[in-house]
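So, here come the structures, one by one.
Common to both upcoming complexes is chain A, partnered first by chain B, then by chain C.
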Partner chain A sequence: MTAPLTSLDRPNSYIGRSLPRPNAKRLLAGRGRYVSDLRLPRMLYAAFLRSPHAHAKIVSIRTDEARALEGVHLVATGADLAKICTPWTGTLDHFKGMTSAPQLPLPLDRVVWAGQAVVAVVAENRATAEDALELIEVDYEDLPIVVDIDVAREAGGPLVNPGTASNICFRSQIDSGKVDDAFAHAAHVVEEEITFGRHTAVTLEPRAIVADYDPAAGMLTVHHGTQTPYQFQDLYSRHYGIPEARVRVIATDIGGSFGMKLHVYHEDMAVVGLSILLGRPVKYVADRIESFVSDIHARDHRVRARMALDAKGEILAMDVLDLTAIGAFSTYPRTSVVEGNQVIRLIGAPYRFRNYRATLEVIFQNKVQTSQYRAVGHPIACAVTERMVDMAAVKLGLDPFAIRAQNVIPDDAYPQTSPTGYRFEALSHQACLKRLHELMNYEGLRAEQAELRKRGIYRGIGIATFVEITNPSPAFYGVGGARISSQDGAIVSLTPSGEVRCLISVTEQGQGTEAIISQIVADQLGLAQEHVKVITGDTEVTPHGGATWACRGAGIGGETALQAARALKRNILEIAALILQEQPSALDIVDGDVVDAGTRNQRMPIAEIARIAYFRSDTLPPGTQAQLTVSHHFAPQGYPFAFTNGVQGCSLEVDVDTGLIKLLKHFIVEDCGRVINPMLVDEQLRGGIVQGLGAALLEECRYSETGQLVNGSLADYLVPMPMEMPDIVIAHVETPTADTELGAKGVGEAGTAAASACVLNAVNDALAPFGAAVNSIPITPTKVLKALKRF
Partner chain B sequence: MDFEETAVKARAFSYFRAATIDQALDAHARAGDDARFIAGGQSLVPALSLRLQAPRLLIDITHIAELRGIGREGAYLRIGALTRHCEMLTEPLIAEFAPLLHAAAPFVAHPAIRNRGTFGGSVALADPASEFPAMTLALDAEIEIAGASGRRRVRADEFFIDLFETALQPGELITAIYVPLFKADQRFVFDELARRRGDYALVGCGMLATFASDRIDDIRISFFSVGNRPTRAKAAEAALIGFGLDAEHIAAAQAALAGDLAPPENDEVPPAMRLHLARVLLGRLLGRLGEGA
Partner chain C sequence: MRGFDETLLDEADETVRVRFVVNGRKVACEVAPRETLVDCLRDKLELTGTHAGCEMGACGACLVQVDGRAVHSCLMFAVQADGARIDTIEGLTDSGAIADLQAEFHRRNALQCGFCTPSMLINAYELLSQVAQPSREQIRDALSGNYCRCTGYEAIVDAIDAVAKARSAGGAR
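For the complex of A and B:
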């Protein structure tokens, strides 16, 4: 029997279809164009001398010997670059009262974290630049160090920024409903303090930049491994006083980004200045140790949370305090408070309760900055909420699925506004929970768990519901004064040969942006996907837009491409109608041919329309001007964010003698609205989950008491590897957003959002027979054995 | 590799490829001992890139034929210093006569490292977290050393002195490791506890035991990742010799470990936890040994 026809059965129906990424073959064949590999004529190499101290005054810098070394072209200090670069401050207006000290490419008189770049050397090659670094002498005078979060909060304690009143960067409170009342009348209260270690992105390709200033043209070209070229075009223009039109940022292939490569880094800003000073291309690629001490870190939260419930297990209220330490500065231009802000606004998001109080305190310390990294704030909000829910379930004797099913916002109750002010258009927690229950064979896993416990094998099962923020409107950054676009632009052209080029502002960072944009354009225009070429990541060529962050590429970039393709199709059919002496509405395009809309009979190839329009316009009716290039911009309207949701589950085994944890299987049911390419969506989920599992069990930037990062190498900082990763089973529920024609929401961060919460719950489920619990991420063997009092 | 590549960050050094042991020793002496021998380079090259080491001269010993090869010599298996870690997995002579090395090899880092790293290099570096140096202790191996004053053989028990400190004098070179041939009345076990496959272990252990019927006639237990150097658990050995592998004696050996191991302070794995893990691992391994491994 043949399955019924679906929308996927018509020709060129690419939306919803698993197709390989057109650029994957090129990358696999070693033909990637990474900034790390780039070599320009007359290019020089930069290296940086870094501070060995977490906090110290710079007394003097002696560079004579370094300058004299053969092959050295420039030695630059903070003072040298301050003459040409204006300072920046990592604050946004909508975070009322937040402060952060102004920053320069290199410091003038004080270092504030160990690893901060202090002096730059530019030489014929990197090794010579490193030789020169060894000849530079810097005298430091130690200043009191702020490492520990409690020390940072002590009144009268040492200050990261002397002269300020405290180490507080930002404080915020939400108080909604009647929290005290709810706790006073609650039948049950659960309470826990959960800590989240610092971790970092560890991209395969480190940060890489080649700045190329041409003094004759007054033109700055920057080849930059970034996900946000337009943002950097704007920043280089404004901080170096070069007109925007004379700044070009090219972001080609990138070896991983994960949010880490959209922040301003001191070295990157310095490299632009070094190129301006020299009038030659200057390259800098961070090595692995430099990445560990200068890439942004993320998380580092300590959350105290309480949850009140009635006798039947109905959640009544939550009350949380989130303390987060962000390093010495708030990162520019997106700040370092967005994570904390999202933590307190996302806690409790899947659930119905209305009484919610949260306090956020963002604190300076002498470490490298933290800022936005994949799933900003989500893993913390999710772990805190879901741990509370599991603790409540244990206390009430409820099954983890049952207590969630009882408390989630019902699927038919949308739209809803959360107690924190987030507006949810339509979520599907009930459907996702139900699907996960079947998918993981929950009853079977529980039976197996009980059986194995009798034999001294301790397995744990964890689940975690989540809500993810995607498709952000200007409410995210624009309202705070940041020149970070929430709209995207596309330019779509029919080429003379009848193919289509799409230049679009969303960027490719390995996640398949170019693939899905070509699917959408081909689908909407009616031609084969391989006849659509997508071009991204060059501010001189592609229109201005937000690019890639906060899961916006498919939802906003995809809608931009859809609308642009539709507009081009209208224009093509207008010309076709003139040639065929038909009404445009009687025509359609299928597989690159203009056809009769009703009968699908072929009339003429669009290549023929292109030929006529470009080369024989004389044969068209007088007054006809064919418009075979269309530009279109799209900014999200309606809901400020397209929230998505889902639920993850996992099964793992704890070796209670060694504290080692074996992940057995991971599950996710996810609702990102319209799925454009199921294969890419699933790979996004898998990749995100693996990063979340790394955070759950392995990854942590550990510091000594003197503020030194003690595990800045890949031998000591553990990232997830294939041998330890479980199979990941994926299912979807699709609730498209009605805000766009496409209906797509984001998916890139959903995996990371709940994976660590899921593991935390599963480990505690495994430890339950011992009355032991862990409350700290990453869950190391040390923490497990301590909880079990094994040493 | 192109020198302009940004990846090259070592301080400049000279390079000499030695064809014989004497050439290598001469070159070292002429450089005033400001030289390093390089074979697999799996530890030295990162150290050079990090500028933790910056010798004037690198002496490439990988083309010295005498340092290669595996063969029987009397009661010993002679394993040339240049034997690569991966050969421990593939060479039949290793599997037959030094099966403990064969068992340890899959735990040594990852395939790419095993393809280059050498047995002699690993023993010479004496990383306290490495598998092979510790296994030379369990095997009662002898390390053959060439130096200006000629050749000598040092028992593994006398070779490892302190953190990265061995009986090797400046300018000396390991030529081969002699491992007593594995016998029919012997059994071995090896395992380690690590958070990820291929990582430096939290604790690792290998042992070789000679049985007289069901009693242990002799046993050598060697731990790694427990201190400044690979460490034999002599008190635990003493608690086992002359006895069968029953629960009581296994527990006694586990208890005795406190006298054998003194794990150092560490920000992530406290000494008491390391000792606990060593006991767990020892218990599991002795259990396997009792089952015939």
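For the complex of A and C:
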């Protein structure tokens, strides 16, 4: 007997199938079209003079010599650009009481971080522009700097924004249940302070932009390496007073983004202004040193947490204080407080306890701005929670798996609302824990660990459960007044030759957006995937939508494509029914042919329907108007977010003489709902985990006491390299969301969310025989040796 | 009519004529002495498959073959490459020299954004030309001058491993 047929055995069944990305072949042949590759006729190049001071008054700027240099077309200061660009402020209404100073492309009278762009030069080529920078003289007068979170909070201390009352950007509190009672009656309390260093995205292609203003047409075209072209179309339109329909933002191939390239950067806004002033295309590509001092950084949190448990190990309550230091202002338009907000709302999320109190304080300092980077807030919330759980397990003599199994929300107890107000539709912590236990051969690893300890080899095993926010509704940004869409749009057409073209608002950064959209469209319409062409990333061509961030591409973009494809199929079958004298319901489409729904007998190719509709409409019944282009929008409804969940595990070895940590193997069991392309999902998990492992062990933006970034180059800032990274074993549990037909949730951030928590727990497990513990990420060899009192 | 004022020119305008054999074709171009090979390839010769990632030889995005060896084109001035044979991703693609690596990378999705990919392929090509059947550890070690921020590396290691095995199984190439 043969195996039973599954949905994957039907023709054109692409949902759930591992298929390579059609658009990856170009990249493999070196035929990518990145913004940094672009050259337009009459294009000029911008370079920026940057502040050497973390906080200083600009006394004077002398640019005469630079202006006189051959090949220089424009030298612009803050005042020049302020005449044509309105300021922006990085606050959102739903973060009550938050404050931030207005920003301009270049500062008028004060610099607030070391590396801030101060003067722009536009020249025939980048080298000449940089030559001209050397000829500019800026006189600064030092102002007191704030580069330490404790100094920043001192009453009467130096202020990032003189004239304000304090350095506090935002405060938020959650108090749910009876926290004090729970702690008063707890059998056990564990407590720890955990710090998280600043790190940054380090996309292999730095930020790149070409702004092209045509004064004759009154039209601005911006080629922008970004995830969110529509957001920037809106911002360029509003801040430069150009009607939205005359602003076009094109996001072609992009060399990595991870959230970093969806924020407003001063240089990018300036480049648009420079192009307007010159009436010519202006290009700016950050070099690596500039990237380190101007790309957003992330994390930089210090969390003090307590957890109360009863005598059996039941978690009763958590009480946390998260202090996070951002830049000198809040990032626009998504703010710099979302990370902290997610930290305090995600702490404890996998568990059942009802008593929760959290305070968040977001603090300004004279460093580069921070904002959303892959897994926003999740790694911090996860590490704090999971470290507490492990500390409790040690205290109670429970196994890490056992204490989690005892405390997670049971799989059959959904829907649930967390003490922080998050509503969970359906999660699968129990199933994931069980699967991980087998996957990593937990008992075997423990036995091996015990054996090796006898020989002075210190291995650690860590696990970390997590919950991830995906598919955000307007509750994320829209309610705060940001013009950031939570819906997506698709335009799907049957072309005259019978192929299908899909224009969609979600964008591609290499995660495979175009691939999964073509899988969904081909699957739903009933034709071969190679006959579906997907086009993304051009505001003049693709419909307005949220694009790709917060793991929304598959869940929201995918559902948009699914519904659009179904609508087009209905329209095709309507015309087919007229031609074939059948009821539409009696027909179906399989492999590009209209067939009898019951027998699957071929009736006519859809190419023939296209030919008739486009070229021989005279042969259709009078009054027939074939609609072979369908435009469809989808906004998530139901749950405000589609939460996903999973659990990671890792095995590592600590060299107690050098403090070096060797990652041996990493495991993840993940539940992102319907899996559209298992291979692409797994690769998202692997890439995400490795970014989390970088944060765990290597990555940190280190500042001097004078506010200088001291490791701002790729020789000094460590990112994961192949030889340091482990193989990663992956398994899935699938709990589709019922909010959509597709059932998909996001997956891009799950890996990063828990990888560092897992490593933190594993390192502490390895150090347990010494009674030593680390409580700071990244876990450098120095920190390990200090914990061991060997340094 | 006014004559050309030589004093308007300064050292930055001085160029040097260099000649290479790029992807099998003789090429001559005028470069400033300070111009790096990566800028020359990308800007003058429009070979944009070679990328500049850090301009200090750390990330490996700019690898090209110079006289048959993988070289950081960001660490070499164009004038230093005068007379050299240079092969870039475009030429290696056209010649079919790395077709099996490209196909295996594609099949396993051993790339995401693709920015590091051309130089990963060049690095892998060099590795397999020196070690026919590298261990996974050797592959990981060889790739450690190439940063990839998207994939987590495992699929890249798998792809190179698979090609090495296939090449050995299929006899010498």
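Assume the second predicted complex is superposed on the first by the 790 of 791 C-alpha atoms of A that agree within 3 Å, B and C clash if a C-alpha of one lies under 4 Å from a C-alpha of the other, contacts with A are read in each partner's own complex, and residues count from 1 in each chain.
The rule is simple: contacts are C-beta pairs under 8 Å (C-beta built on N, C-alpha and C of every residue); 3 or more make two chains touch, one makes a residue touch a chain.
Quick caveat: nothing in here was measured; it's all calculated off a predicted structure.
Student: May I ask you to decide whether A:721 touches chain B, chain C, both, or neither, giving the answer as first, second, both or neither?
Tutor: A:721 sits against chain B and chain C alike.
Student: Regarding the shared-chain residue A:657, is it in contact with chain B (first), chain C (second), both, or neither?
Tutor: In the superposed model, A:657 contacts chain B only, not chain C.
Student: So in the superposed three-chain picture, is A:217 touching just chain B, just chain C, both, or none of them (first/second/both/neither)?
Tutor: neither
Student: May I ask you to name which of chain B and chain C touches more residues of chain A?
Tutor: C
Student: Tell me which partner A:155 touches in the superposition: chain B (first), chain C (second), both or neither.
Tutor: Neither partner.
Student: In the superposed arrangement, which partner chain does A:127 touch: chain B (first), chain C (second), both, or neither?
Tutor: Both partners, chain B and chain C.
Student: Could you tell me if A:205 is touching chain B, chain C, both of them or neither one (first, second, both, neither)?
Tutor: A:205: touches chain C, not chain B.
Student: Regarding the shared-chain residue A:679, is it in contact with chain B (first), chain C (second), both, or neither?
Tutor: So A:679 only meets chain C here.
Student: So in the superposed three-chain picture, is A:780 touching just chain B, just chain C, both, or none of them (first/second/both/neither)?
Tutor: A:780 contacts chain B only, not chain C.
Student: Residues on chain A in contact with chain B in one complex and with chain C in the other?
Tutor: On chain A, the residues that contact chain B in one structure and chain C in the other are 36, 39, 127, 131, 287, 715, 721, 723-724.
Student: Considering the complex alone, what residue numbers of chain C touch chain A?
Tutor: Against chain A, the touching part of chain C is residues 8-10, 12-13, 32, 34-35, 42-43, 47-56, 58-59, 61, 88-90, 93, 102, 105-109, 111-118, 121, 137, 139-141, 143-144, 146-157.
Student: Touching residues of chain A toward chain B in the complex: what are they?
Tutor: Per the touch definition, chain A meets chain B at residues 36, 39, 45, 124-127, 130-131, 134, 283, 285, 287, 289, 657-658, 660, 697-698, 702, 704, 710, 715, 718, 721, 723-724, 780-782, 785, 790-791.
Student: Please output the residues of chain B touching chain A within their complex, sorted ascending.
Tutor: Where chain B meets chain A, its residues are 3-12, 50-51, 193, 195-200, 202, 267-270, 272-273, 275-277, 280.
Student: For chain A, which residues count as touching chain C in their complex?
Tutor: 20-21, 24-32, 34, 36-37, 39, 70, 127-128, 131, 201-206, 253-258, 287-288, 509-512, 679-680, 683, 686-691, 713-715, 719-725, 727-728, 751
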